[in-house]
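What follows are several structures.
Common to both upcoming complexes is subunit A, partnered first by subunit B, then by subunit C.
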Partner chain A sequence: MAISETTYFIKKIKNIFNKWTLATASIILVLCLPLLAILLGLLTGAGNTWDHIQKYLLLEYISNSIYLIIGTGILSSLIGISSAWCVATYNFKFRAYIQWLLYLPLAIPSYIMAYAYVGFLEFEGTFDNITLNTTSGLDIMNIWGLIFILSISLYPYVYGSSWVMFTSLGKKLWESTSLSGITQNKYFFNIALPLTLPAIFAGLFLVFMEVLNDYGAAKYFGINTFTTGIFRTWTALEDINSSIFLAAILVVVIVIIQIINRFFRGRKSYSINDISSNSQNVRKNIKGIHQLLVLTICLFPVVIGFIIPLLQLLKWSMLHISSQLDLFLFYLSMNSILLAFFTSLLIVLVALLLVFLPRWSKNTYMKFLTNFSTVGYSIPGAVIGITLIAASGYFVNYFDYIFNLKIGKYIFSGLALLIFAYLFRFISVAYNPLEANTLRINPSIPESSYLLGKSKFFTLFKVEIPLLKSSIISSSLILFIDLMKELPLTLILKPYNIQTLAIKAFEYADDERITEAALPSVILILIITTIILFLSKYSKVKAY
Partner chain B sequence: MNKYLVILLMVIFYLQCTNSPNDSSLTIYTHRHYDVDKEIFANFEKEMGVKINVVNASADELIQRIESEGDQTPADLLITVDAGRLVRAKEKNLFQNFNSSMIDSTIPDNLKDSENQWVGITKRARVIVYSKERVDPSELTSYEDLADGKWKNRILVRSSGNIYNQSLMSSLISANGEENAMNWAKGITNNFAREPKGNDRDQVKAILAKEGDIAIVNTYYIGRLLNSDDELERRAGNAVNVFFPNQEDRGTHINISGIGIIKNSKKVELATLFIEYLLSKDVQEQFATANYEYPINSNALSASVLEEWGDFKEDTLPLQRLGELNKEAVMVFDRAGWP
Partner chain C sequence: MELELLGISKTYNNNVCAIKSLNYTLNKSAICGIVGDSGCGKTTLLRIIAGLETPDNGTIKVNNNIVYNGWINVAPEKRQIGMVFQGNALFPHMTVKKNITFGIEKNNLNSVNKLIELFSLEDKINRYPHELSSGQMQRVAIARTLAVQPKILLLDEPFSNLDLIAKSKLRTEIKKIAKILSITVFIVTHDIFDALDICDEIIFINNGELTETCSSSDVKNLSDIKLKSYLKNMTDQAKRFISIIE
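Let's look at the complex of A and B:
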């Protein structure tokens, strides 16, 4: 009896600690290093300027960040939900195009949006000139202006997730409820909106993270937020311990928000692929003044979030086009594209491993632990950058010590460190949709492959990856966009021979030469716009 | 097949990005990202047959990076846009001494480190600019005077997070003591025409827009505004005159862009040669004309617009002090409520 119990126990242990478990555990461990380094800041404690920060600064950092989150949350929801509702429920002219144009503000990094709008609205700026100098300019360099800038650049997150939900509610629900004589308004507020709330919240969560991630726009507007405060503590107060301590507090708060978010939405994801063909939506035809109203609601965000800033940037870039448009700019663009392209491939690959290894290991703890390796998206890029640059020395030494080989510096310095940072920050962008879509693959499909004696990797490459093809392509494209725009990590960690369009634009802007920053920005925006339009063409096939 | 091609390309791309610097090269970590710097570096490459690698980032990031890289750092030189960061790098023991009779003889003592660990390469003054229409220059005297009630709702200045403001504050602490500097900051805060925001150029534009009457800015921004391709910027530049404060006492606050040789660099001779090159008369004039900064080498000529503003008395406080007092300056700003 006892022997069989022991063998059972050993078998169980063997089951838990198989090679897949080990592989999963090591990937998770490496991916969690930056998170550990930040949280270590809580143990190390704050530095010697902490009293000063608490007494004079902390309250302002917290209150400004909260105002920004609430303000941007409300405004971006208003814009995102109203346009999504119109696109999902009405049939009007150009609807098929507008549906995708509404995503375009994502192509403009928010700090460039901020500079463009200041130029557009300032005294004797473009708007002032159009209105024949009757406005004497509009000062938007305040917290309200910042809420406006962040809302128009971030509403597509809310728009995207609520549009998917509104569309998937489908006509059956509307038909069955309309039988009871309910009006469209009532349907929206009492039925559609509550059902969509979790999706809206998922989109809003991304908005909040991006608000906390913003450094450039807030700094330019002179608004002290938690993130600018982390930087100021490090640079001006020369206190990196307090800086990382602040960052660790922020990370703890974010993880709490994330838990609440997970609680709200359960295991659901809200990607375009969720629209299945049987939820085909029959849209209401509208005409005349009604159509005009809907068109206004849908075009307004596109005009203010994309067309106006792009025109302002084009106007500026014309000033320097002859001197700036040269081979170097082409080289910069190629550099940005290559870096973003290869990195997004790598991230998708690691994300796939992170999805499949825990399955193969059949160990439920691993599944739980992967959650920690995907929190990077919610940590401001600047915080990751500072922590990694401060910790990379330790990582190198530890690696060399553990493996007794001088290999640490190839993993934790130069380009590799930058790519590792990208991986940590962006892996959830690929992991979440891939994981959600893998759940839909009927488990009997890979099982039958195993029964035929095929290996796990063979099955992965020949069966599962082809089934996931569409979400692999769409998540690589979204990653590509994120990487092209990425600024703080690239700025802090890039090796000397890496230059990107985003960096070039920032350097000019930082140097107070905003008109010269315009051309690299425009090229960046055009490349991303192309990708978004390509994504729309590609997803259209799936969505209908 | 395709898979292998992609992997091969990735490896090539990675190797292309990680090729390590060789002997006849200099790696420069710099906070300056002006186009003229690139031209000057390219000229040096041509003349000396040396390859120059450049890493651009803010000085704080670069210093942190040199520290983390330790003896593995590829950096030979660090260039910053203010003296404070040079002092910080020295305090962190990142620099080594250099010996150059050329530097000894041409650069005044207050513009270099007492132990020859760093030296200025260009100079800028933080001045008062005033509206030609609404301010009589005889009203203006010194930085200290700006705290006076007569300037209520008239002063434009950017936030205290900016290093140029921090250096100015350090010089005031050094001249008048912390208590007085604090009262001065409170006085200025009461006189703000608007909350501090934007950059130096935005302050000048705000004078054009009549949001305020005087602004505290660096000289080269005025030079750039006057010579901008953008009409609005030229008009903003033309709406103001430059006033050099404190001519009756210690002189106008100046700051430098400066350079030092990294401790772990094994190319001290080449690096010293490079610094001497940057300080030579021709290169100094190149800096001055392209970027409207004041040359450090007194034999070099300033840009014509700077000549028009005339000579002025400089504060000769050793710039080392700016770095030593920087942290105190930031705390004074916070206590005074200058955001």
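Let's look at the complex of A and C:
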């Protein structure tokens, strides 16, 4: 009996630890290195300025971050949910265009939005001129102003997720409830909104993460948040240990937010039985004052979130176009595009491996461990950047001490560290949709290929990737947008000789040369807008 | 090609026992029907034979060569076993021709043309799976599996979702092709009449256990009382229908 049990155990181990398990474990281990470094920061403790931070700064970091999260959460939900409901429920003029225009504020990074609005509303600014100098300007460089900027910049996350859910609620649900005499208002608050809550929370979670990730806008407005605090502790106080300790605390807070999010979702079922295209919402035709009201609700976010800041930036761009429109600007644009393009390809490739290797290994633990390697999106770029600088410093010193090898110049002067940081932070942007869409492929399809004598890689390239084509393209484009806009990570980890549009815009603004920041910002916005409009067209093309 | 299953057991992670110590030998070029209720382990058994699932215990031999015994585990792509899945699993982004030729070398297209002819698919080769009827899709799936000349063919519920005429046509085609290619076939079905029509041998599975084995001509001598009463009931119903038609 004992022998047979031992044999059974050995056979089981042999089946679990195959080459795919080892490959998966290696990728997960590499991707989890920044996470391990952050958690080690908690264990090793803070540096010598920690007492000062704790006494004078920490409370401000915490309270400001909480105000920003709550304020931005409420305002972006109001804008996102109301516009999503109107677009999903009513038929009105230009609806087909407006449903995509509502995404456009995503094209403007929040720090650029902040520069534009300060210029627009300042004394003798554009708004003051329009109103014939009657306003004496409007000071928005305070926490309320930052909440406004972040909300109009980030509401598309809530809009996108709730619009998809409102649209897929289905006409049967509305018809069955309206037959029981329920009004549309009651239907919205008692049926549609509760069913859409998980999607709204998912969108809000992204908003929270972006608020915590924001560095450029908060620094420009002079609001001390956790992220600006982490930067300041590293640069001004020159205490990298306290900086990492702060970062580790922030990561713990994010984990708590995630747990709360899951707790609120609980065990309720939010699934909708019939989401086929022919069962989608039948939109109600509206006219007259009702149409005007709905148009106002939907166009207001586009005007304040895209058109006003873009016009302000265009106005400033005209001031410097003759001096700035040169080869250097072309070089900056190409740098940004190439860096974002190749990095997004690399991230999609690694995400595909992370989706398929655990499946091939048939090891359920690998699937579980993969979750840890995709938490990067929840961790602000500044946290990842500073942690990687510190961890790489230890790594370089270790190699120097043990092997007498000077590898510092290779690590810090090249792009490898920055690209690895992008990979860690953005892997989930590609992994989550690819994983979800892979689950929709009938497992018998790849299995048929195996039984026809084809290898796993052959099947991946000839069968599974073509079936995931639309998901791969849309993930790559979303990654491209994220990478083009990214600021804190690039700011910390970029080699000194590499410049991007986002960095140049930030540097001009940081030097109080705000009007000169406009042209690189406009080019950045135009590139991202093109991608968003392409995505909107592409998403209409049905997969097989 | 002879297939031997020796002491095959499979338990899933949630302690659900799918197959319990199953022993069975199928001779060369025979058609065997696996009959049982839904969830009794029929499909799991096919997947274990194909190598898509790993049994907890037991040995699988094909022509006296071990393909699985815990230490040896020949990969599905190397077992030379073909399987047609329930729901056919055609590649949706490929035409009928691309589906059928997927597994073969480019210089081996003659046999494919014969298969296309055998299954009367000549005028469908440039269509995509979603442009075919259920019966046509099932025939493409079988042709695709046979194109790579497997030694053993596994068919998982090949007649489900087919109307009576398509079902009857496919049964005749399977019988004919198994004879022409002298191939060993396993058919999983929950309908005993499908099995009686085309199988040489029928095995009955209940809760993962092989409860009965018999040849299709010998089915009236079954010892399982429940199965006997079910067969009697079905035969009475068939007789009633015949009397109505006549």
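Note that in this section the second predicted complex is superposed on the first by the 495 of 544 C-alpha atoms of A that agree within 3 Å, B and C clash if a C-alpha of one lies under 4 Å from a C-alpha of the other, contacts with A are read in each partner's own complex, and residues count from 1 in each chain.
Definition applied: contacts are C-beta pairs under 8 Å (C-beta built on N, C-alpha and C of every residue); 3 or more make two chains touch, one makes a residue touch a chain.
Just so you know, these numbers come straight off a predicted model, no measurement behind them.
In the three-chain model built by superposing on subunit A, subunit B fits alongside subunit C with no clash.
Of the two partner chains placed by the overlay, only subunit C lies in contact with A:S455; subunit B stays clear of it. In the superposition on chain A, A:L467 contacts subunit C only, with no contact to subunit B. When both complexes are overlaid on chain A, the residue A:T6 reaches neither subunit B nor subunit C.
Within the superposed three-chain model, A:T44 lies out of touch with both subunit B and subunit C [touch as defined at top].
When the two complexes are laid over each other on chain A, the CA centres of subunit B and subunit C sit 150 degrees apart as seen from the CA centre of subunit A, to the nearest 10. With both structures placed on the common chain, the touch criterion links A:G125 to subunit B but leaves subunit C unconnected. Of the two partner chains, neither subunit B nor subunit C is touched by A:T296. Touch counts on subunit A: comparing subunit C and subunit B, the chain ahead is B. By the touch criterion stated above, A:S26 is placed in contact with neither subunit B nor subunit C. Note on the superposed arrangement: subunit B and subunit C approach each other to a least C-alpha distance of 19 Å. Overlap of the subunit B and subunit C interfaces on subunit A comprises no residues. Residue ranges on subunit B touching subunit A, taken from their complex, read 6, 9-10, 13-14, 16-19, 27, 33-34, 53-58, 60-61, 64-65, 67-70, 72, 74, 88, 158-159, 161, 163, 166, 194-202, 205-206, 208-209, 211, 221, 224, 228-230, 232-233, 235, 326-327, 330-331, 334-335, 339. Of all residues in subunit A, those touching subunit B in their complex are 49, 52, 56-57, 60, 118, 122-125, 136-137, 139, 141-142, 219-224, 228, 232, 234-238, 240, 316, 319-320, 338, 342, 345-346, 385-386, 389-393, 396, 409, 413-416, 491-492, 494-498, 503, 507-508, 510-513, 515.
Subunit A makes touch with subunit C in their complex at residues 7-8, 11, 14-15, 362, 364, 442, 444-445, 447-455, 462-463, 466-467, 544.
On the side of subunit C, the complex with subunit A involves touching residues 13, 50, 52, 54, 56-57, 70-71, 73, 75-83, 85-87, 89-93, 102-103, 130, 141, 144-145, 147-148, 150.
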